[in-house]
Amino acid sequence: MARYLANRVFTLFLTVFIAATLIWIIPRLSPVNPVDAMLGRMASGGGTIENSGALLDQLTERFGFNDPLIVQYWLYIKNTLTFDFGLSTASFPTPVAQMIATALPWTLGLMLLALILTFIIGNLLGALMVWEHTPRPWKVVIPAAMVFTSMPPILSGLLLMYVFSSTLGWFPLTGAYGIRVEPGWSLDFIGSVAHHGILPAMSIVLVTFGFWALGMRGLMITVQGEDYTVLAKAKGLRKRYILYKYMIRNAILPQITAFALKIGMLVAGQVLVERIFAYPGMGKLLYDAILTQDYPVIQGVSFVIILMTALAVFFVDLLYPLIDPRIRLGA
Amino acid sequence: MKKTTQMLLGTVAMTLALTGGAFAQDVARENTVIFDLDRTIPDPENFNWMTDGTGIRRMHGAHQAMWEPLFILNYNTGEMDPWLATEAASDDDGDVWTISLREGVTWSDGEAFDADDVVFTVNMALENEELTAREVATLRGQVASVEALDSHTVQFTLNNPNPRFAVENFGVRIFGSFLIMPEHVWSAADDPATFTFFPPIGTGPYVYASSANNRAIWDRAETWWGAETGFMEMPEPERVIFLESGGEESRAQLMIAGELDAAQNLSVGTFEAIQAQNPDAIAWYDSYPFAVADPCARQMEINTTVAPWDNANMRRAVSMIIDRTQIVNIAAEGATTASSTMFAQFGSMSPFIDAVVEAGYGLPATADVEGAQALLEGEGWVREGDYYMKDGETLSVEIHVNSASTEYTRTIDMVVEQLQRAGVDARSVPVENGVFWGEVLPFGAFTMSYSWLSCGSVNEPWASMGRYTVADVVPVGERSPGFNNTPRWDTEAAVAYSAIVDEMETMALGDPAIPGMVAEAYQHLDAEMPFIPLVQAFKLMPFSTTYWEGWPTANNYYNHPFFHWNSGHQIIHNLTRAE
Amino acid sequence: MADQTNAAAPETAAPDMAGLTKRQLKRMKRFDNPWNNPKLIWGITLLMGIIALGIFGRIFWDTDLVFTGAVMPSQAPPGFENLRGQAGLASSPLGTDVAGRDLLALLIVGAPNSLYVGMLASLIGMSLGIFLGFTAGYTGGRIDDVIRVGSDVMITIPPLLILVVVQASFGDITLTMMAILIAAFVWQSPTRLIRAQVLSMRESGYVQMARLSGASNRHIMFREMLPNLVPYLFGSFIANVTTSIVTAVGLEVLGLGPQRVPTLGRVIYDAIDSAALTRDMWWWWGFPTVLLMVMFIGLLLINLGLDEVSNPRLRRL
């Protein structure tokens, strides 16, 4: 057990280190450097840029690009490991940590909720597709409902917006909370956040539950044929008891791993939904940063994603032997 | 690792707790005006506009409601409407400028606004290279020194004569102006480059109420210097909100629902759909083209160092093949007009445009394919099958286009089709926004490209024409200074052109000789076509009269409708409650 | 309730032909040939339909109409009107978009393109995932560690970041290149999940038995273990095809896809970007969405059908 743990902790650190290095290297492979990109953005806003040579030197200095690459890398690793992501270059001199701190709660709140909902709904429906006691109508409705999976999330979001906000007026069109409430721990604010979060969350659930259902269905088929399920039936245990305790409990294991893996995508994956609902989450922060070559923000957001995913995977690896005793440790 | 998670969660909770608590007073919807914001506010509690390259720390209401400019350029008359200043005058050489400030202006905390604030802010800009906003860099390049002659008169000594000094720096010519900051607040800052100026104050009739990533709220102050001195009445809206909308579809839905009073650029079809469901929606014109022109007319730059397009006749042929009317109808859905010259077609520019057209250098709105083919054949190209050939090579061209907007890609798709039909194997090369502006354009890594690099002139011709002089020519692979002369046009005609344009540079605005000189210089542009003007830039910015009236339109032309500019003050002051 | 007893019948009871109707008996017979499965056939038919649209469409319809300005813009299909009250033209049976492109032509070219990208990306991703997952799970040790760290690292890197850089470096990319890029982001999950399954199966009775009887590693991996995972793998494959198509849409939205090649995603994105919903141009986003759904249903039916073929207990009377 100790060796297993040591191995996992070591690979956790290794993963984070390699990934952190990659996210430092990758943006620098782009042919455009952030200084040119910034001047370009200025130029696209209107006429000539006077004094552009001096401006160029100044920005290069400010972004720290005059140092040799190895020094830049060393500083980056040193600072990142202490959660100091530096200052944003596109919105200088705002600390990246502060930008992440504002965006993260929204992402965690909305996206985690959506992910958990879609996980539960998807797996349950997937299991019901296989269970022999599922009422017939359900067996038709579930696969039919899964066609939403084939829709791009941006379209499902807009359709929901069109139906529930514009036509029915049940939910607000954009934002994370109303323009008349101020953020704070008040009932008004929490109510407003919930009200604004429903549509974005729904649009994510609608297009993703099918993936879980499909995976779960496949796993359930395998489990259905296992000896223990057959034995449980032979023993005459209650149907629902068999479904939950024997079938789902065993089939769900790989899905839990998949859940851990999805945590990273949860932060970066729903950029477009965040965009159409003007939702101030991490996805949009990262997207804007990539488009503006804002290295520190790219690195900061990516590092948070890396850390979250790596930790989630780490814990799943640790828990796995506990929930699935069939796995031998230290092998 | 557990500790880091705790730390992260702690920060999150802290941020929420810190921003919470303060409840803004509720203002009824009919007393609120809501403007559209087309991007996220990345740092809502930083109001240091001087270090911001994109203008997002101003365009969320700060420079439309709180910080006032010295002058506002009127696009209709070409005059500068005085605001915080009353007059700007230069000596005969144009290198010493005196600006008179208005009496009785106060900051919202009661301190007087005077020449010391101006001198302080300008000196801050001159002394701190780290302040990199465009307006700051421009001013730093032009001004040698500044001094207060008395409490309401400031004198600038320039490095070079510049008849456009006031309008370029203080007149809201395009988007912003050099904004004056309160000395009594900023002098306490250790480092102007890292100072966040939070909470901000200004001289305007609105004060900061709150801000977040997707909105900024401004409330009307109890008193305002303008109302007290009789400069202007207090504006009617009690609250001004800038609200982020997410893309065209969301924006349209907000407009229909009456949750936006003014929206950013939309396409014609979308605007018509909005009007069908919300009859209160209006645009600049009541019918086609609906949209207003912005100062950056669209054009195609041609790299004059790349064969066969280094030949002026080849470039002229391309220009003749292009059917501008078709671009207007298809790519812009009828929302714009064909360009006849390189200039934006504002009332203030008409003397110069007229001079060029009268001299016979105006561009036609339709194509002359036969004329173009004659030019090509004259250069030795022979049409074989679909395309022209010469020495076994097909006449082909790649046109780089920014993929960020369908306006750009559609326009170039249209141009490509026209060239293809005329026998040129054209292909569009869509490029990501950052690459396009950061790599393709400045380094000359293109043969042809779609852009608006002659942008600049609004009330005089030099700002645009001065961008194509031979002084700014650099080899391909080096940065064009200030994105000027990216075609790298340096022929003899270009030298002749530059001589005339350089002479114009220091001539006083309104000098009667200028239109004639514009026409004289333009003959070289017309003969060599280093770039091909296409159509006017079009912005369809819909307004809603459900709650507010008095929006700028072609019939009520007190100024252009760009409410995200520093001139937004005028719009807010003109609004009256709809009955 | 009758359904439920029927459904349970094949497992619980010995064949009791007396209780079955004629129709059920007829269906029973069909099981003689498991491949003669209606779901499978329907699924294949739908996918072939998409491919046929691409092939026959090119013969019977002018695909040059996908270019900007080829036809009258913003026209509804015949029998409908657009917002300006213009009646649709028979020359554009599925309507046109605002840039004057014919929707039928766009679908003829775009639908097979989308299917191609989705299938190729998923195929590459899944193959890689199966290979690495089995190798890691079965061999264990150093190889396992390397594969695990490699896939974990690749899961954490935001795809957008890599795609922007690739596009910036290479300019316009081809469909195949896009598929490969997408594949680079779909192999990690299968790798991880298959590895976990293999770890758990390795200890199961039949694998132990095979090992004792001296079967080779390869035999155990691919003959004993893989078949058990097929339903799951195929489910993932279908899910990945759809994910890849949807991811491709996302890339195109960000200007990172092939720009001149129409795909369904591109058409939908153009529609959204021009506010087709608000403009009531339902044909513009509706038809491509229907085609995406057809593809998905086709793949889903094939999935269900194949499961019934390989797993008789799922068959229904």
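A, B and C label the chains in the order they appear, each numbered from 1.
Here, a residue touches a chain if its C-beta (ideal position, glycine included) is under 8 Å from a C-beta of that chain, and two chains touch if they have at least 3 such contacts.
Since the structure is predicted, the reported quantities are computational estimates derived from the model, not experimental observations.
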Chain with minimal offset from the mean of all protein Cα atoms: A
Furthest chain, CA centroid comparison against chain A: B
Chain B-chain C separation of Cα centroids, rounded to whole Å: 45
Chain centre separation in whole Å, for chain B relative to chain A (CA means): 37
Chain A and chain C, separation of their C-alpha mean positions in angstrom: 22
Residues of chain A touching at least two other chains: 30-32, 158, 162, 291
Set of chain B residues in contact with two or more other chains: 247, 249, 253, 256, 432-435, 439
Overlap residues in chain C, where contacts from two or more other chains coincide: 164, 168, 254, 272, 277
Chain B residues touching chain C - in the complex, by the definition given at the top: 247-249, 252-253, 256, 266-267, 269-270, 272-274, 276, 326, 330-331, 333, 403-404, 406, 409-410, 413-414, 417, 427-435, 439
Complex contact set, residues of chain B against chain A: 1, 4-5, 7-8, 11-12, 14-17, 19-24, 26, 34, 39-40, 42-43, 46, 51-57, 129-130, 132, 134, 137-138, 140-142, 174-175, 193-194, 210, 212-215, 217, 241, 243-247, 249-250, 253-254, 256-257, 259, 295-296, 432-439, 441-442, 453, 455-456, 463-464, 466-467, 479, 481-484
For the chain A and chain C complex, residues of the former touching the latter: 7, 11, 14-15, 18-19, 22-23, 26-27, 29-32, 130, 132-133, 135-136, 143, 146-147, 149-155, 158-159, 162, 207, 210-211, 214-215, 217-219, 221-222, 224-225, 233, 253-254, 257-258, 261, 264, 268, 271-272, 286-287, 290-291, 298, 301-302, 305-306, 309-310, 313, 320, 324, 326-328, 331
Residue numbers on chain C that touch chain A, as the complex places them: 3-4, 7-8, 11, 140, 145, 148-149, 152-153, 155-162, 164-165, 168-169, 188-189, 192-193, 196-197, 199-200, 203-204, 228-229, 231-236, 238-239, 242-243, 245-246, 249-250, 253-254, 265, 268-269, 272, 277, 285, 289, 292-293, 295-297, 300, 303-304, 307, 311, 313-314
Complex interface listing, chain C residues touching chain B: 67-70, 73-74, 83-84, 98-100, 164, 167-168, 171-172, 254-256, 259-260, 270, 272-275, 277-281
